[in-house]
Every structure is written in structure tokens, then in C-alpha cells.
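By letter and in written order, the chains are A, B, C and D; residue numbering begins at 1 in each of them.
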Amino acid sequence: MIDLKDKYRSVRERSEDICATLKTEDYVVQPVVDVSPPKWHLGHTSWFFETFILQHHLTGYSIFNPSYPFVFNSYYESLGARVIRTNRGNLSRPTVEEVYEYRHHVDAAMDHLLSQPISEEVRKLAILGLNHEEQHQELLATDIKYILGHNPLFPTYTEIANPLSGEIFTEEFITIKDGMYDIGYDSEGFCFDNELNRHTVFLPAFKIAKGLITNGQYLEFMKDGGYQKHEYWHAEGLDWIKTNHINSPLYWHWINGRWHYYSSAGVQPLKLDEPLAHVSYYEASAFAAWKGMRLPTEFEWEVASSRFTWGERWEWTGSAYLPYPGYVRAAGAIGEYNGKFMVNQMVLRGASIVTPPEHSRPSYRNFFHPHLRWQHTGIRLAQNIN
Amino acid sequence: MIDLKDKYRSVRERSEDICATLKTEDYVVQPVVDVSPPKWHLGHTSWFFETFILQHHLTGYSIFNPSYPFVFNSYYESLGARVIRTNRGNLSRPTVEEVYEYRHHVDAAMDHLLSQPISEEVRKLAILGLNHEEQHQELLATDIKYILGHNPLFPTYTEIANPLSGEIFTEEFITIKDGMYDIGYDSEGFCFDNELNRHTVFLPAFKIAKGLITNGQYLEFMKDGGYQKHEYWHAEGLDWIKTNHINSPLYWHWINGRWHYYSSAGVQPLKLDEPLAHVSYYEASAFAAWKGMRLPTEFEWEVASSRFTWGERWEWTGSAYLPYPGYVRAAGAIGEYNGKFMVNQMVLRGASIVTPPEHSRPSYRNFFHPHLRWQHTGIRLAQNIN
Amino acid sequence: MIDLKDKYRSVRERSEDICATLKTEDYVVQPVVDVSPPKWHLGHTSWFFETFILQHHLTGYSIFNPSYPFVFNSYYESLGARVIRTNRGNLSRPTVEEVYEYRHHVDAAMDHLLSQPISEEVRKLAILGLNHEEQHQELLATDIKYILGHNPLFPTYTEIANPLSGEIFTEEFITIKDGMYDIGYDSEGFCFDNELNRHTVFLPAFKIAKGLITNGQYLEFMKDGGYQKHEYWHAEGLDWIKTNHINSPLYWHWINGRWHYYSSAGVQPLKLDEPLAHVSYYEASAFAAWKGMRLPTEFEWEVASSRFTWGERWEWTGSAYLPYPGYVRAAGAIGEYNGKFMVNQMVLRGASIVTPPEHSRPSYRNFFHPHLRWQHTGIRLAQNIN
Amino acid sequence: MIDLKDKYRSVRERSEDICATLKTEDYVVQPVVDVSPPKWHLGHTSWFFETFILQHHLTGYSIFNPSYPFVFNSYYESLGARVIRTNRGNLSRPTVEEVYEYRHHVDAAMDHLLSQPISEEVRKLAILGLNHEEQHQELLATDIKYILGHNPLFPTYTEIANPLSGEIFTEEFITIKDGMYDIGYDSEGFCFDNELNRHTVFLPAFKIAKGLITNGQYLEFMKDGGYQKHEYWHAEGLDWIKTNHINSPLYWHWINGRWHYYSSAGVQPLKLDEPLAHVSYYEASAFAAWKGMRLPTEFEWEVASSRFTWGERWEWTGSAYLPYPGYVRAAGAIGEYNGKFMVNQMVLRGASIVTPPEHSRPSYRNFFHPHLRWQHTGIRLAQNIN
């Protein structure tokens, strides 16, 4: 059985580790609405423990600063006014140092609480809080990439480029027979409410790719005029590329006659045999149409996932983010976690190179609006079987 | 077997009948981007026959006016530049009289063509053109309602208010067992490509309401503070009601201490036992949550539809508009009909009081963005069975 | 002495004459916020007489329609809610026929009133109303040009192109000595409050052009890259041309390798020796800078105006629209006429080819925001004398 | 004669002094487009010396970082691409420390250059650079106030509230006779090009207030419903207050039943006898109208300025920002300094409590758009004499 206190410490430390090479200034800015300042992530994840656990379950706990709930609440309508998302990057205070003090204040109190016998409710909330923090670690990493990758000086985050599995490039497809399949989480451990209830679906037979699409394959699409050919695109996708002058994945730069990309090691020549990342659902879908194929549904993905390697790219599926049969939103603020986002977003499956260890599983459902691509979003193809 | 020439004539006449009581000025305006000017509908449906049939299949046909394709193309990217949707209401020319001349020019040519033996291709295109026109008849009716219902003089469209079936108010629910069900069109007649392919799904057991939600039931939700309680709303729905100051269905007006609504007979006191109309998906979904229930999926609706009366309100489902398994977009401009809209929209099932006769069937899939409500959109509830 | 009843009749008829060749549909649309639908002008000018005169001064007068004040009020805050300007083009009702009925109802009542002895107050209000209507005649003509000139069918307004004075092209400059000059209206007749009070200014010596800039001269500026050279432009002008992709005057079209323009006779080749029209203040100012000169101030223009021909183009001056010394806003709604617009606008002097006869004088001050150019705005240059 | 090297050192140090109590994070953010991050001001003023002087006039000078010109150019179109103003707050790099290194690199080089005999051109450019820096010091102080004053924690900038002159509250007016007056700079020292040429104007007689409007006087306007009475406002001012929900000066807060304001010492009760600050031109103009008076013109202000105390508030005038007769824009990038802003802005005269010493004179012309109020903008009244 895992020791919760140890788990708490290691997860919390990991957030700080991700920020280890940042300058103070990097913690503060918010270049687009979807990105949050790193210091906000550090504060918000601490606020979660303070608000949902310490305030109610640790006798004598004193709120670190009564203004912080206003600053660090993200979207919990139940819990009063909050700094609107587009304003987060306007806040110079609290300072980074103060945010770290806040974290350590919360950590000391949590350490104290977890050293005592705790109720099942507290245990569940603590585990939720850690999973919540792990979700923010993924965002923290991608937000930092966005902040540095959109700075005209293109600062380096680490010396080494993203390590990748080096899986062999393959065009092989796996065939899955039609039949009844069970979908959703069914183990003992933690899962989010959107992975429940486990339920049965019927799937027609299909094929799904063993490998992810590479930069080189995507470049073929670009060279073939993929961004100019309306027949591959959703109408809204076409508007999106026209309005935003988009003609390549995010972070790609055409320099001196060849494609480069910004990675954590700075700007460097594009590696053709690396898995593609940073495309929107619109781009993923258009690429699949160009190939004469399609994206897998989230059910197909889950059913087939034991038969391919995954975990480097969040993979767009062709499924809209909707509740499973029998899904019930929890009461109170905790119930705002997932259900209220179940409209206008597409499901991603898998995990990415910046997903925390142990924070992925076949039933995990991530979701983003179709135009977003600052996550490490990639493409796996599927096909019908006639 | 239906006579295509007669069918053509009756469908085309129906479009003009819908406009019979309009003033010339009513044909011209476009109060919001989603509404098109009536004269544009009349021209666009004629353009469809000219562009896809007459130009290619009637020897010696001469284009009525070479500028019209630019004006009356709606969204077919394959077919060149078009007047963007927000500009349609800026166009005083062609005049209403010229648009009717255009219609009659096209009608004469189609009559000539359909008097001769025609190929199967032409026959299919003509039937598609008529179904396309019937879709626009629905929009024509709701766009006219919007134009008149948003005029400060609140003009009357007809003397008589919308006729309704007078179905008895019922809170009864039908129970459907779990099992394998076939979904999609499977008859000989016409259907749209989005109703294909017919395929099997597995559905858990569920209950679905026999009746539609009434104005009176919705008023209860309003009186209980439904628009103020965030817990019933999607996050985007909450933004939508706040940004647009929405606190009732479209066309409802609070006058002298009681609710009224605008109908085709003008502004009149709200009828409590009439089926609710003109709510967005966000509102439908929030109402269902307030009831402790949910909207049916489009599959549930289709499976159960033989057991309740429908056809007065387009009914929001909880399903996102996505392709069926095996769906393939047709090549060329005709292929732009449905597939490119399959993102960010929700499916509606049923039909409405302004749907043309013979233009509804259990497999019919309508779709709109979740914030739209100028169609006669209503609510039917569903429940899980534990 | 002028007969007011005759004057009333001839001014009111002139508004209808301007619309004589319009189709009903042309009366309805509002392609941009600055343009008003012609039927709105016809209604608003009638509303002015009804609201400020008939209601108060004609015993037994009955309001034509109690909803019309809401529809036809333009901007008089004192007089209650009004249809916001961007909504005017959404209104199909009242119909054109109803607006004409409204006009004739007002005209009959005014005719009745003016057949009796009237007070000096009524006389002044009637004269103000007629001058108000003449101002709207200018707008009516330019709004019609905008509506037809932005229609993809480019309808013809009249058979004959705008008649012009045919003044001989001249590059001659007039020299005005330094000295004290009196500015503002000083006669017996009507003037607007913004032309008062007459007051003294001291002007340094200057030169001012006898002729207006022609299309051909402006074309030289364009050929020299004038729209690309930032040094001639205000910072806000540069933003304006970049944001709106502007590289020529309004109504100019590059067709088959040469410049054309839209005039009331339709699209035709640009006439090089005609006075330039339809440029913004930014363009006028940039052109003058390119010439190494400047625009005259409104005082310089007024002082020199007896020495050159004017009246075909509204001429941009380098003066901001501000009150004259001693200017006092009148009390009540009439006081909203001019003073509240005295910020962020530039003064134009002269008159244009569509200015009503007798509606121009040397002291007349017109004014528009610097980016507007749908009036017949042109350029006259001035120079300092060292 | 001033020693330029000493002057350079003291001006440059003053910029750093202004930032002495800031946290690193305070240097980075840009809460609204009009405010720039403090580190940007520090970098931009250094870039000015590097670009216009060191690069051309110090042999062997090496550019500190070739990317900095892109980051720190403000608006000089002649000098290539620049970071658009709304993006400045997105830049975490260069860090504050790097910006200070940049400053000190430039300072060392300037010290070296100014230790040698220099040409008159260099001398003039250096003086321009110092005046430019002093202008930015004013902005630096007000931008810092905005950054801290819009933070939900309301941090304190200094312990002591703004020192004020303590001039006695007076309602006395000074009378100035009509006559010819000379306007513009006419001394030996430095002035900006917009203060030239010195020229003669004729002014009618007028009265001008000895004192500035106080918070208490403005509160009377508010209590009398000043923000609700349209008759005092420009039409654009009325739109501005309605759109932005404005009902008090910037930094005023209604807390527990009384007015407070944010000052550099934090939030504190409003001092009624202090000069009003942080109002827009629209508010200043509406207040004057409510008083039955007006704002002085910039000429009136300059002529009368020797007879009253000024220097605590920038004072709105009723004059639009336009060139003086004979004004000529300098060639090249230096010529972009003032002329291109001469449209849509209003002139302010005087100086404020954060204006650097020796950086004010009676002929000094400041200018802002009429809706801006983050400077210490105040009100002095004037009246006509009949």
C-alpha cells in the first residue's frame, strides 16, 4: 500500500522540480488565455489542499492569506469570486517567493495532517488533490514551453531535447474484431469521475495504427498543399487556419529554407522521424482525411490500447467529450471538476512526454477544444473495415 | 411512384407560400448572422438546381445572371467565392422581384427537363435539391419569425397562432430495455448522407418521457432560480447566459407583471400548457439537470421514437454531431453537405411545426451549435435505470 | 423674404427626389455602421418636425404612430430610448410605403401650421428642421452611393455620371498676408450654432491652392509608394491602412490593368483630371506630407475662400472640430445638435456635388472622424510662407 | 553651463531610483495596453542611447544583444520590426537582471563617450535622450501605480502618500485681457519640436482659475448625478462611461459607505481638499460643463501660467494636439517623435507630482487620448468674459 505522506511529498516536489530552471520572470507572464503563469499553477494546487482539506479537517489551521483564495481559485463557481483567466498574467503579486512560502505553509500543514490517522474522506480528497496537481504538472510543463517558445529570445529550458522512446517507425495496422467491449475504469485505484461508469459498447470491426504519425509524414501533407485544400477540413477548421494564418504545427519555423522547431533545447532542425506534436484537432482530422482514413473513437482507442505503445503524445480521437451512461456529477465544488466541461471539446487519449509518472492509464480521458494545440497533441490513424 | 415533376412543383410553391404575407422589406434584412434574408433563401435554393443540374444536364440552358452564383452560393468552397454570411443583409440587389424572376426561370427549365426522360443521376440530384429546399423552408419560417419578432413593431405573420397537436400533457416515461439496436436509415426513399450507414449499437436500459416539457414546467425552473444556479450549467453555458443577459427562452417578454411571448400572431400571454420552444442546448441541459435527469442520446431517441408522438419541436439530444461508423464524405461539392459541420454541434431529433410535410423521419439528424435557439427547439427528458 | 411654406415644400420634395430611382429594397439596408438606410433618413427628418414642432405647436396634432419616435430618433439622449445605430439595417418595418405615409402625414400638418401666423420660435424651429433635412440629403445621397457601390451587381443610380464644374486644372497658389481676420457667421440668415460666435483670429501669412487635387495627382502619390511609406502618415493612419488593407481611395477598383471607379453611372475608367474624392483625413494628410505641404486650417480656408471656386468636394482641413470662443450649447434636445460631437473629429469646409442648393456658405463647418471617407471628401493644399 | 556627463548620470540613476522598491515580478507585467512593464521602460530608454548615439558615434561600440532592438523599440517605424505594444507584458526575457546589465553596459559606454570632446550633433542627441528618459520616468511612475493599484493585494509603493504642495484651496479666478500673445518655446535650452515655432495668437479676454479642482468639488458633481446626466457629456464620453461602467475617477473605491482611493501608500480614505487626479478628458469636460464653465485652451493656459501655481497635475485643456504654424517634422527616425501623434489626442499642460525636476516649463505640451486617465490628470477651469 502506498504511503500517502510520501506520495504527497514526491508529487509536490515534482511541481517545484519542473520549475527548477526558471527565472523569476518566467513565473509571471500569460502570453495567451489558455496558458497560466507558472506561479499561478503553484499557488492554485496549494489552494486546492487548503480549501478542500486543511480548512475543514485540520484543527487550528490558519489560512495563509485571506486574499489568496480570490487569486488562486480557477473556476469553482461554488467558491466565490475569482480572478478571471485573462487577468492572471497581470498580477505581479503575490511574488514567486510568497507563492513558495504559501506552498511550504500548506505542505507543513498537510504533513502534519497526514502524520495522524485520517478519515476515508480526507484520504480521498488528498488523493484527488494529488491527481489534480499532476494534471497541473502537465499544464505547467506545456505552459512553460509556450512562454519560452514564444519569447523572441527563444530561451532554452533544458540542455537536452525531449527524450523520446525511439519506437521504430511503423505503418502497421492492428485489426480489432467487432464485438461487445467494456469501457471505463474498473480497478481499485484512483480515477476521475469522467472515467466512470464502466459500461458496455458494441464496436464494428476496425483497424488502428501501431505507430504515431511522424513529423516527416505530416510534412508530406503540407507539401501536398494540405492546408490549402478545403475538402479535408471542417468548415470551422478552415475558418481557424484562415483567420490565424496557420500553415504548420505550433512551434515550427521556416528558417533559411528548411523547417525547424522550438523544443526545450531551443530552436533546432526538425527531426523527420520523431512523432508529430502540437497539432489541433482540426489539423489531425484534416491529415486523416488526406490519408483517406480517420481518427479512432475513444472507445476504439481504449479497446486497442494494450496492443500498441503509447504515452508520448496525447492522441486526438474522433469522440466528443460527453458523459458516460450513468455519469452523475458529484455534489458541491468537487462536482465542478469534469461535468461542466462536457460540451464543445474533443477527447484525447494516452499521455505525453510531460505526463507525470503513474498519471496515465487506458481509461484516462483528457479533453480540449478542437483549435488548441499547445499540449503535445499527436495523431494515430484508424480505418473502417468494409 | 411519386411523379417528380409534380413533387418539384409542390415543393417549390411551398417556399413561395411561406413568404406570401411578407412585405418586400421583410425579404431583405439579416438581424443576426445565423438568420438569412428570405430572398436569399429563395435565390439560393434556385441556384442549387441551376448549378448542380441545369448547367450540366439541360442542353442549351443559359445562366440567368452570371453574378448570381456569387450572391447565392452559401458555403460551397468548391464553387468559388461567395458573399460571406454576415454580408447577406447588406444586399439590396437583386431585388425581390428579380429573385422571383430567377426562380421562375429555373422552374421553367426544370419543368422542361423533368418532362423528358432523365438519368438516374439527374433524378437523384433533383430529389436532393428538393430535400435541400425543404430544409431551407424550415429555416425560412424561423428566420421570418426572427425578423418580425425582433422588430420593435412586432408585426403579425398570420392571424392564427401556431397550430399545435394538443397532445395531452403527460409526465409518463417509457422504459426501454438494454440491448442491441440498429440505428440509421434503412428504407428505399431519400435520406441525407449523415443518416448512413445503418449500424448496430448497444444501449443500456433507459427511460424516456412520452411528452415534451411545457412552458409551465420551464417557468418552474425559472422561478426556482435556475438561471442563477451555476451547478446546473455547463461552464460555457454559464458564460453564454452572463454575457448575453439571458434569463428566459427566446421571444419571451416580461410585460406588466406576467410573461408573454411573440408568436406568429403577435405578442400574447404565455400559454403554460404548450410545449416549450426556443431554448438553447445549454438551457435544455440545465433544465434536465435541475430535474435530476438528462437529455436522451440520439440513439435512445431513435430507438424509442415509435412509442411517443413527435414532430412539433426539434428536440435537443445529449449527442454531439459526429459521423456514423463507415460514413464517407461524397466527392465534390455535394460532399460538402454535411461532413464538414461535424464538430462543435449537438444533434436534434424529431421535427417542428414548420417542418415541411414528408420531411421528417426517425433517422433524421438535425444539428446546431449549443447556443442557438431560433429554431423551435424543445426538451424531452430521459433517465438512467440503475 | 422667403416664403417658409414654399421653402418647406421644396426641401421636403427634394429628399423624395433623391430617392426617385431607388428600388424598395435599397431603402432598407445598412452595409456599415456609418451609413443609414434611406427609409430611416426619410423617417428621421419627419420625426424631427413632429417631435420639435407639431407635438407642441399644432393644436390637435396626433402622433402618427407611437412607436416611431423609438425607431426614428437618431441620437437625442434627452428624448428617450432609440434604436442603436447598428440596428437600423435590421428593421424591415415600418415599410417604405408606411414611411412615405408618415412623411405625408407630417407634411400635411406642417402645411396647415405654416398656413397660419406662427411664432418666432416655431419659425426658427422650422428653419432648423429644414436645414437639418438638407444635411440629411447630403448623407442620403452618399449613403445611397455606398449601398449601391458596395453591391456586387454595381447598380446604376443615374444614367449620367456626376456633373462637375469642369474647372480648369490649376497648380496656382493664392497668397494671404498675415493679419487679424474675423471668423464665423455674421449675416442675417440661418446658421448652425457651431459657426458662432464670430470672433477674431490672427493668422500668419500662408499660401493656399486655387484648385483641388485631381485623381491623376493622387495616382502619382500611389505610384510613388505613398501607402507604403510610413513617414507621411499619422501613427493611427498607418494602423488604419494596415488593418483595413487600404491602398486606394474608396470606390476605386483595379480591373484588367487599370484603375476604375464606381460612380452613380456605374463602374467606369478613372478620369485623371477630375477632382479626387472619397479619401480619409489620414490619406489627405499623408498626400500633403508627400507633397511637402500641408492641409489648410479651417480659418485659413474661410479667409481665402472668396478667392477660389469651391463646392464640389468637402475639403479636409487640418483643424480639429472644437467650439469657437464663447460657444454655448443650447438647452434641451436642440442643444445636442453639435456640441456633443466636438471631440476626435476633423473639420471639413466647402460643400460637395450632392450638397443641396443654398446649403453652403464660407462659415459652414462639417466634421467627420479622420478615417471616414464615404462623403465626397477631397484635398486642397496649403503652404507656410517663411 | 551644465555638465552633460553629470546630468546623464543623475537622470539615469533617477530611473533606477523610481524602481527601487519594486519586486522583480512588478517589472514584468502589462495590465492594460497603455501601460508598459517597468523593465521595458528601463530597456527602451537605454536602447535609445545605443541606437541613436553609441552605434554611430562611439568607435568600437558593440551592441549588447542583437535581439534587444526588436524587443525595446517602441514605435519607430524607420527602425524595423518591433514587439507590438500589447505583447510587451508577455515577455519574461530578457530578465530584469539582464536589463540592468544592458543599462550599465550602455551607461559605461556613454560615460566613455561623454568624457571625450563631442560634436554638437552628439550633444543634441544626448540631451534629447535624457529628455526622452525623463518622459519615460513620468510614465514609469504612473505605470507602476497602475500595476500595483490594480493588483487585488493593493501593495504599497512607498510608506508616505504623495507629497503635495499644500496650496490653499481657492476659488479665485484670474482675468486675462484680450490681445496678441506669443506662444511656444523661446529660450536657449532644450525643448521638444512640438513646442516650436514660437508664434503669435490673438486671444479674447478670459478668466482662469487660480486653483485646481479638488476631490471634494468633484464629489459634488458625482453626488449631483453628473455621470448620469447626458447633457454634460460628449457623445463619445457617454459611450465610454456606459461601456466601461465608469462612475468615479480611476483608483477610487467605495468601501464601507465612503470613498477611498489607492495611492502609493495603499488604499486610504479620500482626502477632500486634495487636488483631483486620474480623470479622463471626457470627465474633465463634463465637470466643467456642470459648473457652467469650460477648460482653458492650451494658449490661454500658457499665457496665464505665470500667475498661478502649477506642477502637481497634468491639466486637461480644451485644445486638440495639432502642429503649430510652421511646424516641420525632422527627417529620419527622430522625426517620428511627435508629429505622427497629432490626431485624436488632447493637449495637457503643466506637470505632475511624478514629473522629473527640471522637466517642466510653460510651453511643454503633453497629450493623451481623451479616455485615458492613468496619468495624474486634473482639472483647472476657465470662463469666457462677455
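List of remarks:
As a working rule, a residue touches a chain if its C-beta (ideal position, glycine included) is under 8 Å from a C-beta of that chain, and two chains touch if they have at least 3 such contacts.
Which protein is which chain? UniProt says A, B, C, D = Ergothioneine biosynthesis protein EgtB.
If you're wondering where the values come from, they're calculated on a predicted model, not measured in any experiment.
Chains that touch both subunit B and subunit C are absent from this assembly. Over half of the residue numbers found at the subunit C and subunit D interface occur in both copies, marking it as a same-residue contact. Spacing of subunit C relative to subunit D, judged by their CA centroids, is 36 angstrom.
Subunit B and subunit D have CA centres that are 57 Å apart.
Shared contact sites, meaning residues of subunit B that touch two or more other chains, are absent. Under the stated contact rule, the graph of chain-to-chain touches is a ring, a single cycle where every chain has exactly two partners.
By the contact rule set out at the top, the touching chain pairs are A-B, A-D, B-C, C-D. Contact residues of subunit D toward subunit C in the complex are 75, 77-78, 180, 199-202, 204, 230-231, 233-238, 281-282, 285, 289, 294, 318-320, 322-323, 325-326, 329, 335-336, 340-344, 346, 370, 384, 386.
The residues of subunit C lying in touch with subunit B in their complex are 23-31, 67, 70-71, 83, 87, 89-96, 147-148, 150-153, 155.
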